[in-house]
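Take this structure, written in structure tokens, and hold onto it; I'll ask about it next.
Per-chain numbering from 1; labels A, B, C and D assigned in written order.
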Amino acid sequence: MKNMKKIMAFALAAVMAVSCLTGCGKSESKKSAYFIGATGPLTGDAMSYGVSVNRGAQIAVDEINEAGGLNGVEFTYEMKDDKATAADASTGYDSLYDDGMQVSIGSVTSASCEAFASKAAEDNLFFITPSASAASVIENRSNAFRVCFGDPDQGTLAAEELSENFEKIGCIYDTSDTYSTGIWEAFDEEMKNLGTEYTVCTFDADNKRDFSSQVDTLKDCDVIFLPIYYTEAGLIAKACAAKGVGAEIFGCDGLDGVAEQIDSTVTNRIRYITPFDVNSTDEKVAAFVSKYEDAYGEKPDQFAADGYDAVYAIYLAMDAAGVNDVKISASDLCDKIVEAITDDSFSYAGLTGDMTWDASGACTKVPVIVELSN
Amino acid sequence: MNIVSGLINGLSLGAIYALIALGYTMVYGIARMLNFAHGDIIMVGAYAIYFAVGISDNPVVSILGSIVFAILICTLMGVITEGLAYRPLRGASPLAVLITAIGVSYFLQGIAQMAFGAKALPITLPNLGTIRLFGTSISVGTIITLILGLILMLALTLFVKYTRTGRAMLAVSEDNGAAQLMGVNVNRIIMLTFAIGSALAAFASLFYLFSIPSVDPKLGSMPGIKAFAAAVIGGIGSIPGAVIGGLLLGLIENVCKTVPGLSQYTLAIEFGILILMLLIRPIGILGKKRRVKV
Amino acid sequence: MSDIMLKTENLGISFGGLKAVDNVNLEVKKKQFYGLVGPNGAGKTTVFNILTGVYQPTTGKFYLDGTELNGKSQETINHMGIARTFQNIRLFSNMSVIRNVLVGLHNQKEFRCSPFTSMFRMPGHYDSEIRMREKAKEILRIFDLEEERNNLSCNLPYGKQRKLEIARALATNPKLLLLDEPAAGMNPNETKELMDIIKFIRDKYEVTILLIEHDMKFVSGICDEITVLNFGTVLAQGDTKTALNDPEVIRAYIGG
Amino acid sequence: MKQYLKNIKQSFKLKKSLNYFVIAVFLIAMICLDAGGMLGRSTVGILSRIAYCIILAVSLNLVVGFLGELSLGHAGFMCVGAYVGCFCANLLHKSIASDLLVLIIAMLIGGATAAVFGFIVGLPALRLRGDYLAIVTLAFGEIVRNIFNGWDAFGGAMGLSTKPYDAHSLFIVAFIVVLFVLMVCQNLIRSKHGRAITAIRDNEIAAKAMGINVTYYKLFVFTIAAFFAGVAGVIYGHSVSIIRQDYFTYNYSIDYLVMVVLGGMGSMNGSIIAASLITYINVWLQNMLTGDLAGIKQPIYALILIAVVMFNNAPALKPFKERFNLRNLWDLIFRSRRKPEVIKDDAAEWNRIETKIKIDDLLSVEVPPNKANTPDKPQKDGAAVKPKKGGK
């Protein structure tokens, strides 16, 4: 039995070598269309964000291809699963690069987008991330752009808003999440400049379900600032209702989708900064919402909208730059897009507001504070 | 944050961990295996409750209905996993059983993720309101968790000690072969153990949803590991040990969460205490040392 | 003191109130065959476990060749020169015959080499390895187990496993060899062969032998002096013939 | 010196060092392909990932397969190695130009720190066994991960950003380290210290009686295994531009344990084959199943895992396996009757290797005190008597 294993060892090592080779042989076949790549968490805890961005982007790509693509040339789009970890984001990038990726909408979560960005910088590949809001992702990288707000802008805006109209302010943020810590740091800094006091509580990835103790500590605040995602925000809202805490709940774009999480028991007033209001009357948004609902049977959230806008931003920038050669290399395409997108005349009225970009890659758009009607 | 509400919250969280830990201890003591997938039975129970809670709007009926449905589903799931995954491996090396249990746990999570999506589904349990007790408001759900939890544990202890099947379970745990010689149908007993363990897990999932009203595929993994730690602290295999270990862990977790500075390191502290406990008394609080005959 | 190999002074141990061994005094001279006899549960194996450091005695002391060994760990006691076999054979089942003996040779001074020399295959590794194999083969030759040296020890027949366990204990180069029922489950000619081998070892390796045995023919054939234990206390001591004919011993054995 | 060379030649057996050649040939083939530009960037990435997974599997095999102690904290050592090693690398990059030198120094520092933690985790191993040790090592992994996550010097929640090593040469360095690790582990196993370690696995009490210093060897094996896990962590750290604690959770420790267990606990070759295959299949599945399909990867992986373990271990399948297995097929094809086979001992079979995880010496179910074994008084109708006051 034992020498059988040795012979098997030989055979398997050879098989491995061969399969590695075939692995890289198939990159040339997809050259007949522009290839947009992306990575995002399609499994694991952050799966719902990855799936939303992926679906939003897919709808945009289908729309563009139906309308004839970029003067006759279609787009192909693919998102690799990166389980929101840096390691899988870089393997995903390599595999997309081998498949001939020319332009990309980056990664969904900040940490994997950091890994994606450092690889993209080497190849000077243009990417515009729909949702990685950490400031460091686009810092001094000419090829890195973003559709959503940066963490710092939301933090400062929230600080101004709250310190004007509230005395006793509380805050709960997630120490294990880059989006949450990013916003809180800017918020904390701005609150210090404005000299307003506030009490802060935290939680982390391993116990983000039971918030009874945090709510107890902040039970006599007028407002609780929640720079976190809608799942935990929903739980906190219900914990407040259960404990009879009437404070207002104020959040950022991560709170979009909290409506489904809460029930009739929650009577607190809920407001949050968001670029995308799912039931806004704008006909472009309404069309997207209905198309999304037909395709996937649930209302789109802000991540889907960002994914949609990212694809359209690429399409419009390539159109403005007059790109027509399908075989264009990633870095030439990047230079063309960057030049077009940072041009003052370029702006895109997307689902998440009217957007313009500057050389730093950050997106300037008018934030809107939405109140939840319940 | 007065002491009483901290204590009650801690104990009710502890009751949840204790109920899950009981499942681990019974299966370990009697079937001599570590059922890593036990944590995911809670997730199955949670989804069962999610679908059953809407059957009627009067709160008592809907809760009773959902718990009965959850017990049914969990017991069924427990028996199926035992039958398909663990029975063929009886007598195989314990490590093989451990890996299979891990496989079952991944499988249950994967299926739930495919069927119900990974997004956390909100669940609206009928709100039982809060009552004022010792000067602070405690939600009725927490009180029920505590009381019903303790009753269940007492019932289980009595069952194992005073009923015939209970004693048969003890016999199987003492010496599998000898019990078989005495005419005890070991397969039936082990299946029964899984059934009881899973039924308790169904209760645990209901109480869990009282304090944390949201359901997702990963719901069961962290409480499962913590409950296993509680079972080991209490002395793996000993039923009262699991209860004490669970309550202790619930209290520790609640204390860590309330102190703002500590909440970041709750998990590190809990596992730290577990390691210290095991170094000082390796067989756990109530475990009985078995002298190996040289 | 010089010719006493093993001396115990009112050795005793109690497990939670139950006195398993009480007030046992032994004196075993060098190169002597000494028997420890008694009905089942008399505490014979417990005495062995105390002498090898598995249990710590609650009362009394024991000396090997003059040095006190109370409270020492099993490893140090083995290094001082006490080796043992077990009542139910405890061989390294997944290792071949020669490897079991090589494990016995592990701590000998002449084969000393640090793990790092072995990891990087420095000269020290090869020297000690080759010499160890020679010594192991030599020991196996005595027990005529050399042909099966590459078979797994669990594949050996029962008699050969017993012999391998003695060979392995001998490999640790002991001054005192404790044999726990070496002839248990052996047929007459295997027992005869075992007696010859034990005698041969005693002469070749000048080792003192203390053995537990129920087979009276084996005991009277081989032991110079014996101690009879009953319920943990010494019933009779001294020359084999007189002790075995002592009325107390006969009554204890035949019972009633 | 001449004698030394003669000794080496004499003790050299092709069959024993076959795996060095297989890996060396594989590496050379890959280098040529890469030089010829045939290898895409993702293949190069997969190669370095396979390399550090082999190191992790081989080092874990030392602990689980040879020492017989179950460790679920291997990703914790890798976490320590990655964070500390790459932190030093970031500092060293300022002063030392050549990346290779920085990588080597970082590997040593990362490995050494992980080894210290290996020693610390080894201490409980002296007293605990089986499932108790599994939970302690798992707890250790979670604690380390939790601490590094909150530590701002190491980048806090965002993670530690590092300077990635050039992908095309990282896998060469990684495979050379694999060869080094393999040589060290196999030399250790095939020496008197290896025999002592396997003796502890087979029968700790007998090993103690033979004078083997069990404490020394347990701590030694845990430290060496942690050192190599730390080195693997540094290699991982250099293959990505940012290190976050979410890559070191206990699920990854379980993956490495699965590689060791499926590969065969006593065999190094088994670990190598299992590590490379499982890693390759994982990455391949991940690249193939994009979009909404990604969800089905986890159940498939779980089913394959259960099926393989079931096939390897279910006692009921034993007769089936006796008749239909590769060897009979081989004999059928080549009609060669082989002599009764001497089973080599260091590659122990699954079930014969009673791992130290025998649970009975830890069992602690309440046994009623001796009052219970006084004979129960028979009741009038002979019904089963309820014990008067048995303890619980």
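Keep in mind that, in the parts below, a contact is a pair of C-beta atoms (placed from the backbone, for glycine too) under 8 Å apart; a residue touches a chain by one contact, two chains touch by 3 or more.
No experiment lies behind these values; they were computed from the predicted model shown.
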item	value
Co-neighbours of subunit D and subunit A - touch as defined	B
Reaching subunit C from subunit A through chains that touch each other, fewest steps	2
Which of C-D and A-B has more C-beta contact pairs	C-D
Centroid-based (C-alpha) most distant chain relative to subunit A	C
CA centroid of subunit C to CA centroid of subunit D, Å	38
For subunit B paired with subunit C, centre-to-centre distance based on mean C-alpha positions, whole Å	50
Whole-Å gap separating subunit B and subunit D, where each centre is the average of the chain's CA atoms	30
Shared interface positions of subunit A, touching two or more other chains	43, 47, 51, 175, 204, 206
Where subunit D touches two or more other chains at once, by residue number	146, 150, 205, 295, 297-298, 343, 353
Residue list for subunit C, restricted to those that touch at least two other chains	54, 86
Residue numbers on subunit D that touch subunit C, as the complex places them	3-4, 7-8, 11, 184, 187-188, 191-196, 198-199, 201-203, 205-214, 220, 266, 342-343, 345, 348, 352-353
In the complex, subunit A residues that touch subunit B	43-45, 47-48, 51, 175, 200-204, 206-207, 209-210, 212-214, 216-217, 231, 234-235, 238, 241-244, 260-265
Touch list for subunit D against partner subunit B, complex	64, 70, 123-124, 127-128, 130-132, 134-136, 138-140, 142-143, 146-147, 150, 205, 250, 254, 257-258, 261-262, 265, 295-299, 301-303, 305-306, 309-310, 312-317, 350-351, 353-355, 357-367, 384, 386, 390, 392
Residue ranges of subunit C in contact with subunit D within the complex	52, 54, 73-75, 78-79, 83-84, 86, 90-96, 99, 102-107, 111, 113, 115, 118-121, 123, 125-130, 132, 150-152, 154, 168-169, 172
Touching residues on subunit D, where the partner in the complex is subunit A	15, 18-19, 22-23, 25-26, 29-30, 33, 38-47, 49, 146, 149-150, 156-159, 161, 164, 167, 236, 239-244, 246-247, 264, 267, 269-270, 272-273, 276-277, 280, 283-284, 286-287, 289-292, 294-295, 297-298, 326-327, 330, 341, 343-344, 347, 349
